[in-house]
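As structure tokens, here come the structures.
Next come two complexes built around chain A: one with chain B, the other with chain C.
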Partner chain A sequence: MNTFIALASLGVITMFLGVLNLKKWLLPFIVAGLAVTIAVILPSWNNPGNTFLDMFYIDNFFVLFSALMVVSTLVVFLMAAQYYKGEKRSLEGIYSIIIFSLFGGIMMVSAGNMIMFFTGLEIMSISLYLLAGSHKTSYESNEAAMKYFLMGAFASAFLLFGIALLYGATGSLYFTDISSKIAAFHGQVPSLLKAGILLVAIGMAFKVAAAPFHFWAPDVYHGSPTLITAYMITVIKVAGFAAFLRLTMLCFGSDTSLWVNSVAAISAISIVLGNFSALTQSKSKRMLAYSSVAHSGYILIALVSIQTITPTIIAYYSAAYVAANLAAFIVIIMVKQTTGSSDFESFNGIAKTNPVVAACGAIAMLSLTGIPPLAGFMGKYFVFSSAIQQGYLWLVLIAIVGSAVSIFYYFRPVINMYMKDAAYETLKTSKLSIGILVMLTILTVILGLIPGLIINL
Partner chain B sequence: MNEVIQGLKLMPIDYYIAFCSILFVIGVIGVLIKRNALVIFMSVELMLNSINLLIAAFSVYWNSASGQILVIFVMVVAAAEVAVGLSILVVTYQNTQSIDMNLLKRLKE
Partner chain C sequence: MLTISLILLPLIVSVLLFFMKGQKASQQIALLATLAELAIALIAFTGFDKSLAVNYPLLIDWLPKMGFSFSLGMDGISLLLVMLTAVLTPFIILSTFNRENKLPASFYALVLMMQAALVGVFTSQDGLLFYVFWELALIPIYFICGLWGGENKVQITLKFFIYTMVGSLFMLAALIWLYTKTPAPHQFGIKNLLLVIPTLSPVEQAWLFAAFVLAFAIKMPLFPFHSWQPDTYTVAPPAGSMLLAGIMLKMGIYGLLRFVLPFRGNTLSTYGPVVIVLALIGLIYGSIIAIKQQEIKRLIAYSSFAHVGLMAAAAFALTRDALAGTIFQMLSHGVNIVALFFVADIIQRRTNTTQISELGGIAKQAPRFAVFFMIAMLGSVALPLTNGFIGEFLMLVGLAQYSMAVAAVAGISIILGAVYMFWLYQRTMYGETKPASESFTDLTSTEMLVAVPLIILIVVMGVYPKPLLEIAQPAITEILKYIH
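Moving on, here comes the complex of A and B:
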């Protein structure tokens, strides 16, 4: 509850800082505010307490994922310092909307009731529609916002229809009540409930950009401002998956046979479509968009093996994914600010001009591919091994083939960075962004070497 | 109030489900086949409102007030969504002089 108060007031005060013309203090204030938020979240570890008539669960799951989301948002704000350097227009609106969407994401992750779940999801999504279009004069940003809005609203309606049918079949909106009602049917499940679960799953698959509901993702991720893309591809994805996981654990967990095959199918299609579509891309943001579709597939494998998996494994996978993607996006922002484009050709020769940036970018790509001993490999290892325990060998085989295919496209920017010559003297960098980049890379390596840091929590 | 609820319960719940599903499907078809962004907004609104009707019907069926609360939340969300959507529409129109979805294809290239 304190988390919500801290984040909401941070967002509102951020807006007023702009009105009071304190632009210089904007970023330091937000960073301090997010640090306070983390400090408010952490005491709830091993100290569960539900608030608002059990509509919010403040437990270890909440601490794990909301801390991860707040920390990644913090990194995004540190990246904003370089991304919006020399920007004339006022930024407090964009910053406060980012904070509000983080608020919605955390609300969604901690929800124990369909009303709060839906409200959190919408607070998050509506903020994101605005953020995608925040580069008002750019045609690409307009198009991304428009597509994201229409597809997002469409998906929300499906999700809501599913919630309505669940309510109709069980008579309650609390996750735990729905779960016990589902268990009480003893396999004789009414079709209303089946349709409801299916529609909720489709809505969530839309939100996390899992195939075949991913068609908006490449355009939106490519057209949005790069900083916002980094935010969407990391924080929002984690929020979506944490909420999906919470939903399946608390709400649909009592009868997995109802949905497990559909989720396995969505996962397999995501892995295949995501990896093979990424092969033909020539723009780095589009490539990372398809790669995120493939990663949705990998995390959905974790949902399929919900009985053996622990939230810490998914948190570990998410942390590895977030660290590698944020590092990749820092490199993309640097390249884009220097050359004005984010095509693979723009990565040529970074290894000669900026060896540190090239090394960090290469490690991020290796981690996303899943090369040992980096964090991305260990994350995949844990997820796949729990799926094998559940007997989903075919799914794991598809995932491994997908990972092998992904080597081809993840290595294309790396090859360009190391094998070709640059068209410019040096990248536009700042000490801060290099510092974050190195920190994220060190984190990727350390998490890969000592996975127990998160797994054994 | 009780008379109203009794009256509403006279009609079987299946009729409500069928009616709301038809409205919802009309909305889905509208989103899929219409190319004017404003008409697509209206279709999404139709979908949301058909769901509201369905939730209200279930709320009476189960004698539970929480469904009605959800309806109010959905209305608020729909209003916020329209406000954001129209502002995106206006910005897009300023850049392209059109709200035809078929023209929004430049990112594909």
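Moving on, here comes the complex of A and C:
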């Protein structure tokens, strides 16, 4: 509960800081506030908090994923310093909305009741619709907001309808109650329940951009301001998967046969569609959007082959994915601010002008491809390994083909950075953004070498 | 301790080199590091105890919960391949002296990183660690070829990368499959994985066999997975070709010996001959294509393709002689191919061409170079008293014990090998002097530093192979024990 209070007050005070004309202090204050939030979250490790009549679960799962989300948001705010440099309009609105969406995400991850879950999801989503359109003068940003809102509302409707059906079938909105009711059916499940679970799964697949419910993702990720895209593709994705995992473990875990085949199918389609669609992209943000669809597929494999260690595997995978994606987006922001475009051609020759940036960008791409000894490889390894243990070899084989295909598009920026010539002298960088970039790269390497840091938790 | 320092030394120096600039300093540091590495390897070689199954073991917890550990160690085969890596890398670095490179420090950093990864592959005692080093070796060589390569390097190196990566991913799936079949708690040690194989059903074994063979066949490469190889060898910078053909190719054969031969019984006797047939096709096909080549590096590439076919075939003959021959030939082939690529590099630098038709009469201008080329070539065509002879002779003996027909085909290829090599020598070194080779200067003193030790290696290994052959014996016994 302290976490929610901390985040909510942080968001509200941020808004007022703008009104009070203390713009200089905005970012430092937010960073400090998020650091405080992390300090509030961590003591709950192995020390479960009050559940408020099973409305929230403040447990290790909550600590793991919300800490990951808050830290990633903190990095996004550090990136904001360069991204909004020289920006005339006031930013407190955008910043506070980011914090509110983080609030919603964490609420969703900790929920133990369908109403709490849905409220958190909507707080997060509505904030995101605003953020996607926060570049008011940009045509693409407006388009992104509109698309995101329409598709998101659609998905929310699916989800809500699913929840209603679940309530109809089980007479409860509490995860644990629903779970025990499902178990009590002993396989004789009413079709109402089946439809409910399917609708909830589809709604979640929409939110995490898993195929075939991913059509909004490329346009929204491409059109939104780059910083917001970085936020959506990392923090929101993690929130979506943590919530999905929470649902399957607490709520639908008592009878996996009800949903496992559908989720396996969604996973396979995401891997194939995501990877093959990414092949033909010429814009880095669209490429990363499709790559994120593929990664949704990989994470869903872990969800399909669910076992006790799955939460740590997904946390590890998410950390690796977030570190690599944030690093990639820092490079994209630098490139975009220098050349005005985020096409692959704009990456030409960075190795000559800014070797450190190029090396970090290349390591991020290699990690996303899944090359050892980087964190991305270990993440994939854990997923594949748990899937083979649970008998999903066919999913792993599809994932292997997908990974092979992914080399083509992940290597395109690498090739451009290292084997082509630049059209400019040097990138617009700042010490802070290079510092974060290097930190993220080191994290990618260290997590890969010592996976026990997260897996042993 | 010894094993880990063999990996850490080049790795640390490599990281340091990435932050350096300047040709001279980075060259010297890289050379010193590889010489230190060679010294450590020699200590390992002299202190090797044949009675132990694993020498210089090292076990550090990595992730005990998931059953994998940072486990290193050497048996005879590992030691010989580590020696090969340690001996060849200083020459590979020396061969790049006097050559203007862009970003020289990064180049040497990548070569050293490659060396660390190769030693890691040869000494890993843990399946996942093996895979990590296996893939890690791909990154530096990709950048070496992609950044310092010749024409069309981008497409060719990407094809090479994807080709090998696909094979490796199937190997990863096979490794995980074996891992999940180990008794709980699952273990990833190579020993544990190999013990599982006989308990699996024939169908499972067949699929695993296919996955492993695919990965190793692409790496070597075996027919029909070789289409990446001639292009990559040609486009790579000379040091890259030497690393690829001299050492990296051995990863494939090492993998065969380590993971595929322990598929005992039916699987091996059913599917082993398939590999032998593919290897023989490659052997003959590679030799014939080599005869037709007009470009020196492509000719060497196809000759390597043919040689590796013979090694793979001999590995599956599963007799003591054949295995000893395969292991010895891995070493000789490494030395000879590096010498040949060095020859190609010298010709390229002096004449700006490697087209055979534009060369001729070099022997008159450069007698010392002619001698060096001659000995490298004789080693490659397996003349008695050279290192090539020992390996090929043992392999032929082993293949004859397995099947006379196979041995006959392999014998033909040796004749074909003599044809293309002698013809290459004749067309480039003798005959009338062509304009390109008119001002061909003889070997410089730095080049002699590479050429003379290579000549000595070729001859000494051919005259006195006993210590090398003996070191491999216990490891061969171990492999044969799995089979029978």
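The working rule: the second predicted complex is superposed on the first by the 454 of 457 C-alpha atoms of A that agree within 3 Å, B and C clash if a C-alpha of one lies under 4 Å from a C-alpha of the other, contacts with A are read in each partner's own complex, and residues count from 1 in each chain.
Please note the rule applied: contacts are C-beta pairs under 8 Å (C-beta built on N, C-alpha and C of every residue); 3 or more make two chains touch, one makes a residue touch a chain.
Quantities reported herein were computed from a predicted structural model and do not represent experimental measurements.
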Partner chain(s) touched by A:373 [first = chain B, second = chain C, both, neither]: second
Partner chain in contact with A:403 - chain B first, chain C second, else both or neither: second
Residues of chain A touched, compared between chain B and chain C (which is higher): B
Which superposed partner A:219 touches (first chain B, second chain C, both, neither): first
Which superposed partner A:381 touches (first chain B, second chain C, both, neither): second
Partner chain(s) touched by A:52 [first = chain B, second = chain C, both, neither]: neither
Chain B versus chain C as contact partner of A:455, first or second or both or neither: second
Of chain A, residues touching chain C in the complex: 359, 366, 371-373, 377, 381-382, 384-385, 388-389, 393, 396-397, 400, 403-404, 407-408, 411, 415, 418-419, 451-452, 455-456
For the chain C and chain A complex, residues of the former touching the latter: 18, 62-63, 65-66, 128, 131-132, 135-136, 138-139, 143, 146-147, 153-154, 158, 161-162, 165-166, 169-170, 172-173, 176-177, 179-180
Residues on chain B engaged by chain A in the complex (per definition of touch): 13, 17, 24, 27-28, 31, 37, 40-41, 44, 47-48, 51, 54-55, 57-58, 61-62, 64, 66-67, 69-70, 73-74, 77, 80-81, 84-85, 87-89, 91-92, 95-96, 101, 104, 106-108
Residues of chain A touching chain B in the complex: 114-115, 118-119, 122, 126, 129-130, 133, 136-137, 139-140, 142-147, 149-150, 153-154, 156-157, 160-161, 163-165, 167-168, 171-173, 192, 218-219, 222-223
